[in-house]
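Every chain is named by a letter (A, B, C, D, E, F, G and H) in the order it is written, and numbering of its residues begins at 1.
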Amino acid sequence: MMRDTWNAYGIEMRSRLLLGTALYPSPEVMAEAVAASDAEVVTVSLRRQSPAAGGGNTIWDFIREMDKRLLPNTAGCHSAAEALNLARMSREIFQTDWIKLEVIGDDYNLQPDPFELLKAARSLVDEGFAVFPYCTDDLVLCQRLLDVGCEVLMPWGAPIGTGQGLINPYALETLRARLPEVPIIVDAGIGVPSHAAAAMEMGCAAVLLNTAVARASDPVGMARAFRAGVEAGRGAWLAGAMPKRQTAQPSTPVLGTPFWQQ
Amino acid sequence: MMRDTWNAYGIEMRSRLLLGTALYPSPEVMAEAVAASDAEVVTVSLRRQSPAAGGGNTIWDFIREMDKRLLPNTAGCHSAAEALNLARMSREIFQTDWIKLEVIGDDYNLQPDPFELLKAARSLVDEGFAVFPYCTDDLVLCQRLLDVGCEVLMPWGAPIGTGQGLINPYALETLRARLPEVPIIVDAGIGVPSHAAAAMEMGCAAVLLNTAVARASDPVGMARAFRAGVEAGRGAWLAGAMPKRQTAQPSTPVLGTPFWQQ
Amino acid sequence: MMRDTWNAYGIEMRSRLLLGTALYPSPEVMAEAVAASDAEVVTVSLRRQSPAAGGGNTIWDFIREMDKRLLPNTAGCHSAAEALNLARMSREIFQTDWIKLEVIGDDYNLQPDPFELLKAARSLVDEGFAVFPYCTDDLVLCQRLLDVGCEVLMPWGAPIGTGQGLINPYALETLRARLPEVPIIVDAGIGVPSHAAAAMEMGCAAVLLNTAVARASDPVGMARAFRAGVEAGRGAWLAGAMPKRQTAQPSTPVLGTPFWQQ
Amino acid sequence: MMRDTWNAYGIEMRSRLLLGTALYPSPEVMAEAVAASDAEVVTVSLRRQSPAAGGGNTIWDFIREMDKRLLPNTAGCHSAAEALNLARMSREIFQTDWIKLEVIGDDYNLQPDPFELLKAARSLVDEGFAVFPYCTDDLVLCQRLLDVGCEVLMPWGAPIGTGQGLINPYALETLRARLPEVPIIVDAGIGVPSHAAAAMEMGCAAVLLNTAVARASDPVGMARAFRAGVEAGRGAWLAGAMPKRQTAQPSTPVLGTPFWQQ
Amino acid sequence: MKLLINGEWLQTEASTLEHLLDELDYNAAQVATAVDGVFVSRDRRALTGLSDGMALDIVAPMQGG
Amino acid sequence: MKLLINGEWLQTEASTLEHLLDELDYNAAQVATAVDGVFVSRDRRALTGLSDGMALDIVAPMQGG
Amino acid sequence: MKLLINGEWLQTEASTLEHLLDELDYNAAQVATAVDGVFVSRDRRALTGLSDGMALDIVAPMQGG
Amino acid sequence: MKLLINGEWLQTEASTLEHLLDELDYNAAQVATAVDGVFVSRDRRALTGLSDGMALDIVAPMQGG
């Protein structure tokens, strides 16, 4: 098979599955799941460190050892100001310009706040960050994010952690059709590999998920399943799916059917 | 990974993708697509042979050379009597008891005729055939097919050749829940790998398709994509998917979120 | 508005809502709900009568007083033989040839048994009954029911009492398209008026329901709502809906939009 | 039936169907359709007037004569500035503070621009307008519109003129659940009465439409159908629908079923 | 003689279905009857003899869906 | 002096918006006006001087969705 | 004698199905046969006499879905 | 002097952010810091004076989604 890669902020990547590192039953399982997923990028966060913790920080040790590209997030931020400062702290610690920009606008559906998100994205781009905005599937918001310098979009499929899949395929297809040059990563809401495959079949560049793998009965097996699902969807996009038809059409040749007389 | 196989009529199989051999741009592409799909079973048919044809029969030569297990069909039959006689002819030629039993009840949606299908299935089982009935997703029909001795069910996902996917997931889930011991192969209507993955995520044993691969722009690439899709769905079923939730739930830990004061 | 009626077995009817009489909080509420629904036909049943009951049978007194056309059912029958005998008992008691023929094939989804249903329908038609078969949305089964003399079809929308609405609109639309001359009454599974309206918008002749009205918080209000929903859907079918479009189109004229310069 | 009204900006209304006045085959049909719809509010616009037109303006004469409450729109505006000035012009001409605020963000899906919309809404509220914002179903945007003083929300069901219905019911239900006190009017995208009924069944206050009526084969009949559909949905909301169930439940009593022996 | 009437065993000496209905105080005009799962019409009740172990259904109008 | 009126260039010598409406035979009570995209209310039309190149919008009620 | 072979009429004097296949140059091992819609197995072809108006199906392996 | 450190009040006499991290035994290379919600980079910690009531965030790498 031809080499099929994608690109974000000048980095060429092979794997189209980005994986979160939270919610796993143990650091060991996390590490094994990441390996099984074939992800090249994993998401991480910054959290308050108690002084008592000393040097101990098992999970981070595990993550560091995996030697994957890090995508730090600003999870939990509710304003542009918070997200900005957390992004700066991330850059210092993780030594990367990459930032998954989350600015939550509602504590019930954990959706992005379009207004604060755009404000934060503009500032972060100005400061040289490579912004991966966790956004809604709103075309105008997405266009604005591109206007301020984002080179990637990360619309939600469904609210974080719900596993509902792609609740508004129409909107995602509109994004894909209207912004054909931009890598779209569906982030949040994916529950099973068929959801991931469906996103890729639409022409999305990649998929980012966490809960669906971490909270499976067997996270490692599920990571492997998602890897296959993403490959399946990507492969289908490249191979060009048949058009849907309204009426049935036989596959076996009709000509020469036995027992049939004029 | 543990060896994961399934079983139909005493034959243990590894691959959960059964592939049709019709509608490909060329025999070469067909052969390459079958190889890429990793299918162990391919469907074939019998058609009237003109005497002029002599020994020549390119496509059949290609199929024979692949050395796959054959599943002959009775495509085009509209009555139990036709299907019975075609099945007998198939057994003689293909040297196998396996038969994909199709008895079409309507030329518009090419759906199975529940009545003729059941009648033909009963007779064929009596004659020692291993019947793979192409059926609807009707629970009662499926139960009756089991009652007369079928050991596998092949409900449609959507009308043949439409690529619409699983048009009635509720019915398929009901089949799966009520007949947990029977291998269910979703046959017909699948258009893209995410459809196949979704069928496998429900716990189906396998998927049979033809048009979606043969009529893709790149059949070989699509065969590979479906292989991955089936593996993805099967893997997810084994790994135990997270439950869907109505409301969002953060993946990144909330505890220790910076900037937050009581 | 032009008089819009429909016809079953030679009886012309105005109302397109048929209502069940079971599950109401009280006979009074039932009577009031039936009145509010504007139904001309109500379904009834036969049940074992204890000798102790004497003449008392409140609910039946209420039903009789409403002076509606009765459609007795064979609810609870699991075989053609049971349904046949219950139908004959119904005819004697209710003095009507009309029979809602139910032959249940599964106690979990309460779906019709296609085989026993067809057998019973054939016999009942022969005995002069006007058979209203509660059937699945299977086109071949429906065609067979017509072949044995049914003049009306009553496919389910969803399993009885679930309120899930039309779970397979594709199948219902196929029925409507392929059997354009036959009155189709969607029976079972309807939960809210929009479901009833959707069935009517497809060109169904009528809708039969019970639980959705009887188990609403306010059955009388819900009966009125369903009456409106059925009228809405019927009106839309007659008025000819706009075609769906993939892309937006302004309603307000674009010509003469202020502030716009070439 | 109890009097059931709703309220926007201090005006109590009975009818929950707001109707557009564009796209009808003739002014006469428009007037008749509005009458049949029972709408109390109709939308209007301002468009450039050629001097040659003199006093003649047939359609406006028809609208004026209907003596309905007017809701002027800012259709075609692409920025807050345009919308502001058009709103001021509307107020002068139509002598009403009411304004349906449209600020289009994309010419393909005609969706609202969340950023310009919010800016315009803030200014118009400050100038004393009663703003009816045509918005997306984004909860955060809706909350912001309320924060700047909007007392009504008008989320889209689907892109204008597509007739696709409610493409994201999850989002609309979230709005309804999170903002229970605010009148929500589903505006745009509704194609048939069942769509309108479904919106009302969710607890929306009203529905605004135009194309679905104006472009029906029989606009007057369709107006009547939508009137019924809105009443049906509203009635159902008030009457309290039964809960959906996963498994079937008989309506006819099981106790006393004949032919059954222990 | 024991009969299974509407699912319950009952001791009776009624020789015909008609007599049985009388004996049990049914309003004969308001019920329909079956013996061993087979409908017995009103005008045949007097002609329908009963014997030990028969299963009878005696039904009356009721609400239905 | 040339003005862009409703998207089309027009030659005029009208000194104010009010005069222009008169000159063009508009029914002043039935239109609303904007100059260079900014609303000009009815009572300010007489005070609104015109100069070369200005863009005017003159609008009237119409159907809308 | 005229036979309907795979949907087309053919004049032949072959007395059995086996002879017919020979006459038409079919590779007898690679086809399956039916007479008047009923399967005739390979070992019964020599025993299967033909008569005027019979409908024969002679089929071979092919692609299928 | 009382400081709000990661959401909890603490009594300290550390004059700069750098001193505070030392005093609390943080591994200075493994945390990032903010004062009153504003990021303070590593090389500015020594220059950042502390005063009563300031809110500090001291964060370290963690799993995330």
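The rule is short, and it goes like this: a contact is a pair of C-beta atoms (placed from the backbone, for glycine too) under 8 Å apart; a residue touches a chain by one contact, two chains touch by 3 or more.
Model, not experiment: these values are computed from the prediction.
S.K.: If you tally contacting C-beta pairs, which comes out ahead, B-G or D-E? Let me know.
M.R.: Per the contact counts, B-G leads.
S.K.: Rounded to a whole Å, what is the gap between the Cα centroids of chain C and chain H?
M.R.: Here chain C and chain H have centroids separated by 71 Å.
S.K.: Just give me the whole-number Å value for how far the CA centre of chain A lies from that of chain B.
M.R.: 31
S.K.: Just how far, in Å, is the C-alpha centre of chain H from the one of chain B?
M.R.: That pair's centroid distance is 62 Å.
S.K.: Mind checking the centre-to-centre distance between chain F and chain H? Centres are C-alpha means, answer in whole Å.
M.R.: Each chain reduced to its C-alpha mean, chain F and chain H end up 64 Å apart.
S.K.: Which positions in chain H are in touch with at least two other chains?
M.R.: In chain H, 6-7, 34, 37, 57, 59, 62-65 touch at least two other chains.
S.K.: Which residues of chain C are in contact with two or more other chains?
M.R.: Residues 20, 22-23, 43, 45-49, 73, 75, 82, 85, 89, 108-109, 111, 160, 164, 210-211, 250-253, 256, 258-260.
S.K.: When you check every pair of chains, which ones turn out to touch?
M.R.: Those chain pairs which touch are A-B, A-D, A-G, A-H, B-C, B-G, B-H, C-D, C-E, C-F, D-E, D-F.
S.K.: Which residues of chain G touch chain A in the complex?
M.R.: 4, 6-7, 34, 37, 55, 57, 59, 62-65
S.K.: Across the complex, what residues on chain A touch chain D?
M.R.: For this pair, the touching residues of chain A are 105-106, 108-109, 111-115, 118, 136, 138-141, 143-144, 158, 164, 167-168, 170-171, 174, 178.
S.K.: Contact residues on chain H for chain A in the complex?
M.R.: Listed in rising order, the residues of chain H that touch chain A are 6-7, 24-27, 30-34, 37-39, 41-42, 57-65.
S.K.: In the complex, go through chain B and note every residue touching chain H.
M.R.: 250-253, 256, 258-262
S.K.: Can you check the complex and tell me which residues of chain C touch chain E?
M.R.: For chain C paired with chain E, touching residues are 20-24, 30, 43-51, 53-55, 57, 59-60, 63-64, 72-73, 75, 81-82, 84-85, 88-90, 92-94, 160, 210-211.
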